[in-house]
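In what comes next, chain A is part of two complexes: it sits with chain B in the first one and with chain C in the second one.
And now, the complex of A and B:
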């Protein structure tokens, strides 16, 4: 007997469709409309064509923000992924201490972004902050408000502190799912610790690590609150990442047109990266399923 | 329905209508003649819908690149996009 195809179940998706339309599609359409017009307020708009896009695409300020953003995402991925794996490998596999470690690791993830920003903003100050006080006590002229390198150091360390736990927890979950038989086989073959990691643990963690990289890349690519609270994008524009620059343009200067064009380009980059990661992930699943 | 707050313009309306029509056509096609995914030059499984997405996303980048670098009329970029679309639907 032929299988009966009934597509009526698709109607059950309608509520989500309406929700997404109001929360994402309609605002996005409005942004597209803003991007081709100029306004002086009062909801009066003038046609500007592709001018704003041309400005944004050739603007050194936007290029600078994009460069800093890519550098930031690259640095934190290069630190957090290996560090997260290392922490996961060191965590106890079972028992009381495994639970203690899990709870401790989860703590930074529960703290809201602006609170994390405030914690590090105070911690880094030389007058009342422990970190700043110790560093200046060691003879280092520490000042993250004036020195660009110091500002970068504090923003990167803050992100590592906040989010390495996520990578570690994901890697830990991946490690826990490896059957003991693999380790036993490795023991029989007298495989070294490195070989166990390279040929058993790392391949088995591939899926979760890819998710970790995707999550951390997207989050760091859209980061706003933490660097905004700590450095405000400064000194100068040393830590002005894409979203900080975008908000300055859209709300600070109220340049709706350029900001709309900017956010659409930003959106396109995120869409591209998400699609690449999604495709890689689904293909990986299919390969594992075979 | 007052849509003034959305600041609509003729060209952007046409842009969205074209995209909506494309989505409708591809939905209709998918119901009318369902297809099995195939593997193309990108070594990934794609359906018609995937290829449409790749075409639209790529076209956005082609247009942006053209606008940033060429200095020639934007319509020409649309021609390149058509070629790109044909290539995607043929080989991807």
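And now, the complex of A and C:
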């Protein structure tokens, strides 16, 4: 029987094309469009080439935001990953308390970003917030709205409170999947607790930990709502991370061109980092054969 | 090295076991002689692994004591007992090289580097992995990983015993035979007490000097392969060992004769009056075709040629009977009777073997 050629079948793909076009391609292209044009209002645009990209790349304000962003992501990864693993190791393996722990751990993850921000914004205040009240009661001049270090502390602690659970739950899942025989064999081999962690638990958790690092990196790199609610990016621009700066530029100053160029590069950075992670992860899988 | 004594041992995984059925391991007294190779044979879930883990100290028994020599080690941990154990599924430390894996138990005990290196070389030669010593263990095939596990079990020379928990399950058949031979060689060389858990009778019978058969949390027989074949102490041993297993028929026994569904069968000895469920058991090897009025009337279902012999599958009043016939034996058309060799018939009351009168009486159950 001859194969039937019917190009009308292509029309069946049309809904997907339309959907993707409207949800992703057209908005992205609009941004690209803004990024290469300039306007003085009245919807009149003229060609500006790569000018905005050059401006953004050499803009010390953007450099500062990028630096703060990398520092923030670095700090929270350095805290959340080890802390998450430590919590996972301490959680009971089974029984009633295991379920209680899981529910407790999941709670912060269920709270919306802006609510988390509000909670910590109030908690950190010296007049009505428990944390601020206690700290000033201890004689510390606590003021996260004026002191940049305090602002950083509260933003970092908030993020750790909100997201360490995710790392802990992923690590816990990784730990649960280790067969009992490994621990028994380690006992027979007289391995110390540290060696059990180093040679059994850590290697077995490697996959989930990479996913945890990737998720936490991307999320923290795009963080907006929580610091915006707590510090509004201040004091000064001390906690203005990339997305806060971007929104200021795009909506506060309505600099559409630079903001568009900025967001495209922002997007590319995240894409690049995700690609690096993906490559590392698949390479690790391949190494199994070496 | 030491003799291992299990004294009044019993184990239940439940915190408050009520009856007998709550125990994964029913009450057990047993002595493992120093330097012997034992196979622990039984169906899956009969308590073999439980028993093994109690001996190695991974599990504390609910009742009873474990003695190494004269020392009570019931609550001592694995380290103190100095035992090696190999598990059913390969356990390797992925991020270490093959060599480091083998060296791990020695280094953890603070042995000196020279001794460790020599020992690793020796074991690597034994398991045939000398050329991959510097390779990462990650990504090796399952049977290579299991060989590493076996190697780690054997690398220490001073252990009290080596326990194997179905270690060759994931190994391919040709390698299985080779490794089993290596284990035997190791046993001959060092004389460790070895306990080898398996559900494979061939493995058990070829590996061990003595085979311990477990059934439903209980040791039903300890003996040499010949004992298990000739005089199974329990019907379970009868049908679990042998291929096909022993034929068992409900019977009434009086004196020298058994009556099976109205037909008389001559026995090799004389028996006292028995109560409970009485059965006679005969291995298919000792069942032959009969002519005329001899033997039991059966319906022959089919004959399977399995190479070195043929298996005749027949049916007697609803009970299957198997017979093993020599290779090339012809079964005449219309053959419909089977007879048993009287001296090869065992008598069972409530699943336990009853010794005939006037022979050296081994009272039932004590054979354990």
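The definition used in the following text is that the second predicted complex is superposed on the first by the 264 of 290 C-alpha atoms of A that agree within 3 Å, B and C clash if a C-alpha of one lies under 4 Å from a C-alpha of the other, contacts with A are read in each partner's own complex, and residues count from 1 in each chain.
The definition used in the following text is that a contact is a pair of C-beta atoms (placed from the backbone, for glycine too) under 8 Å apart; a residue touches a chain by one contact, two chains touch by 3 or more.
Everything quoted here is computed from the prediction, not taken from an experiment.
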Side-by-side fit of chain B and chain C on chain A, or clash: fit
Contacts of A:47 with chain B and chain C, given as first, second, both or neither: first
First, second, both or neither for A:63, with chain B first and chain C second: neither
Chain B versus chain C as contact partner of A:184, first or second or both or neither: second
Residue contacts with chain A in the superposition, chain B compared against chain C: B
First, second, both or neither for A:275, with chain B first and chain C second: first
Included angle at chain A between vectors to chain C and chain B, based on C-alpha centres and rounded to the nearest 10 degrees: 100
Touching partner for A:203 - first (chain B), second (chain C), both, neither: second
Which superposed partner A:146 touches (first chain B, second chain C, both, neither): neither
Partner chain(s) touched by A:193 [first = chain B, second = chain C, both, neither]: neither
After superposition on chain A, the shortest CA separation from chain B to chain C (Å): 17
Set intersection of chain A contacts, chain C complex versus chain B complex: none
Chain A - residues contacting chain B, complex: 7, 26, 29-30, 32-34, 36-37, 39, 43, 45, 47, 50, 53-54, 57-58, 265, 268, 271-272, 275, 279, 283, 286
Chain A-touching residues of chain B, taken from the complex the two chains share: 4-9, 11-12, 15-16, 31, 44-45, 53, 57, 60-61, 64, 67-68, 74
Chain A-touching residues of chain C, taken from the complex the two chains share: 53, 56, 58, 77-79, 83-85, 87-89, 91, 93-96, 104-105, 108-109, 136, 138-139, 149, 152-153
Chain C-facing residues of chain A, complex: 179, 181-182, 184-185, 187-192, 195, 199-200, 203-204, 287-290
